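Below, each structure is written out as structure tokens.
The following pair of complexes shares a single chain, chain A, combined with chain B in the former and chain C in the latter.
And then the complex of A and B:
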């Protein structure tokens, strides 16, 4: 049993986050503003190679 | 004759030292008042930082209460299946350091970094560190820069969201490092005044599938296990980030409280020396005037 999203190369985390975003967008306007706050992230990532920060070769969408 | 000379010499010498002292006295008076002003400013800053972190702390604690089930639920699975790290000949270890970007909060970040440093001291081959927050990176990069797999920053300015955690989990999974066993190192919040640096184990898919007790769960296939592990990693990271954020705010509150107290003590001491110096200057001026008047008559 392989799920369609798995076949498309998504992890469960991405899959569930997309589902969560759709659910938040479907909320009533007054609730949506509150929920939208939970839908943002600012974390940035830098891979390190041999003790030096290395730029990412190909940015994944 | 001899007496006359000494009496003549003495006032001159006294006058010379007086001028020097007076200049020095004036200067120190000004220095002290400048110092006093800056310490007062520092106290104001630390006090307001304490207020800010107190507000943030109360929110973080509320959030933590809501986030606890995520962590407990995810840990239950590992407990029920009685997972053990399999004694692979070459275990690839992953340590996730949950800290933040911000300092001025006591030993919160150092504690996490120290635990990881201890792990790495034992064996730094086949062990990689995923740093969440700039602080753990800053501490670890000097000695164990080679072991850092990835750094996540911009953490800690705002309360962590689940999306933050899931992004981190996603990066952990797609970093191209297939760990066989891992640990999340974080600060567990105990109370306003105490936190404990603790670890949570994480496992990879193959390790879980080899577990004998997995049969206590019904109808599991490898796909479900894989999905669940991905989700549980995100939940665990979310939970530990919340614990970490709460400990950090509470610790910052204490640190800023102590800083304000220390500044208060300094202000007290400085005010005392300031007043004393001022009094000394006044007294000396009076003596000069009186002795000048006495010399005239």
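And then the complex of A and C:
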């Protein structure tokens, strides 16, 4: 009984993400569209070299 | 001479400090989620939270506690007796020694904002997803969604 999801290799962060998405999907229709925007997470990585943001090709160098 | 005076001053300050502390019967609640801040250090009477170590109520002077939130209803009773229910997806609850409480959720909404029929549809959708899941991971993911949907239906009915 204790946390089948943890036995399957999931973490609480993943659990939390799923739970939050289900809650957002169960909202009243007028709130759902706004809430659905939070389903996506965007992360942008910028490599820095010598204190400056480096161009992409610097990554392989 | 000056040592005695200093000692007296310190003792006085100490007494005042402990007096002030005993006055803090107030419980300050901060309840926030990624989508909204519901309470910001507001004084309330009681908070009931669902956690993995069981659901529990918090009053002022509660023993310091850390717990992980479970999908379910957080009930806040304000000092005037007004009761409000919120549904939280997940997150953490912290009870501090000074009777301040932080409830931090990934997503939280007033219970009136839940669409019951939508929640029921989600429940049956994820139930069938769970039974047809191919891998252990997919099955576990669907099981989480079922758990949340069940809690939603129960809370919104």
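We take it that the second predicted complex is superposed on the first by the 41 of 61 C-alpha atoms of A that agree within 3 Å, B and C clash if a C-alpha of one lies under 4 Å from a C-alpha of the other, contacts with A are read in each partner's own complex, and residues count from 1 in each chain.
To be clear about the criterion, contacts are C-beta pairs under 8 Å (C-beta built on N, C-alpha and C of every residue); 3 or more make two chains touch, one makes a residue touch a chain.
None of these values were measured; they are calculated from a predicted model.
*Asks:* Contacts for A:41 in the overlay, against chain B (first) and chain C (second): which applies, first, second, both or neither?
*Replies:* First partner only, chain B.
*Asks:* Contact-wise, after the overlay, does A:11 reach chain B, chain C, both or neither (first, second, both, neither)?
*Replies:* A:11: touches chain B, not chain C.
*Asks:* Would you check which partner chain A:53 touches, where first means chain B only, second means chain C only, and both and neither mean what they say?
*Replies:* A:53: touches chain B, not chain C.
*Asks:* Quick one: classify A:27 as touching chain B (first), chain C (second), both or neither.
*Replies:* It touches chain C, and chain B stays clear.
*Asks:* Touching chain B in one complex and chain C in the other: list those residues of chain A.
*Replies:* 12, 14, 16-17, 38
*Asks:* Within their complex, state which residues of chain A touch chain C.
*Replies:* 4-5, 7-10, 12, 14-20, 22-29, 31, 35, 38
*Asks:* Any idea which chain A residues touch chain B in the complex?
*Replies:* 1-3, 6, 11-14, 16-17, 38-48, 50-53, 60
*Asks:* Under the touch definition given earlier, write down the residues of chain B that touch chain A in their complex.
*Replies:* 141, 145-146, 148-155, 157-158, 161-164, 166-171, 173-175, 221, 223, 226-228, 230-231, 233-234
*Asks:* Can you check the complex and tell me which residues of chain C touch chain A?
*Replies:* It is residues 34-35, 68, 71, 87, 89-91, 106-107, 109, 113-115, 118-119, 122, 126, 136-137, 139-141, 143-145, 147-149, 152, 156 of chain C that touch chain A.
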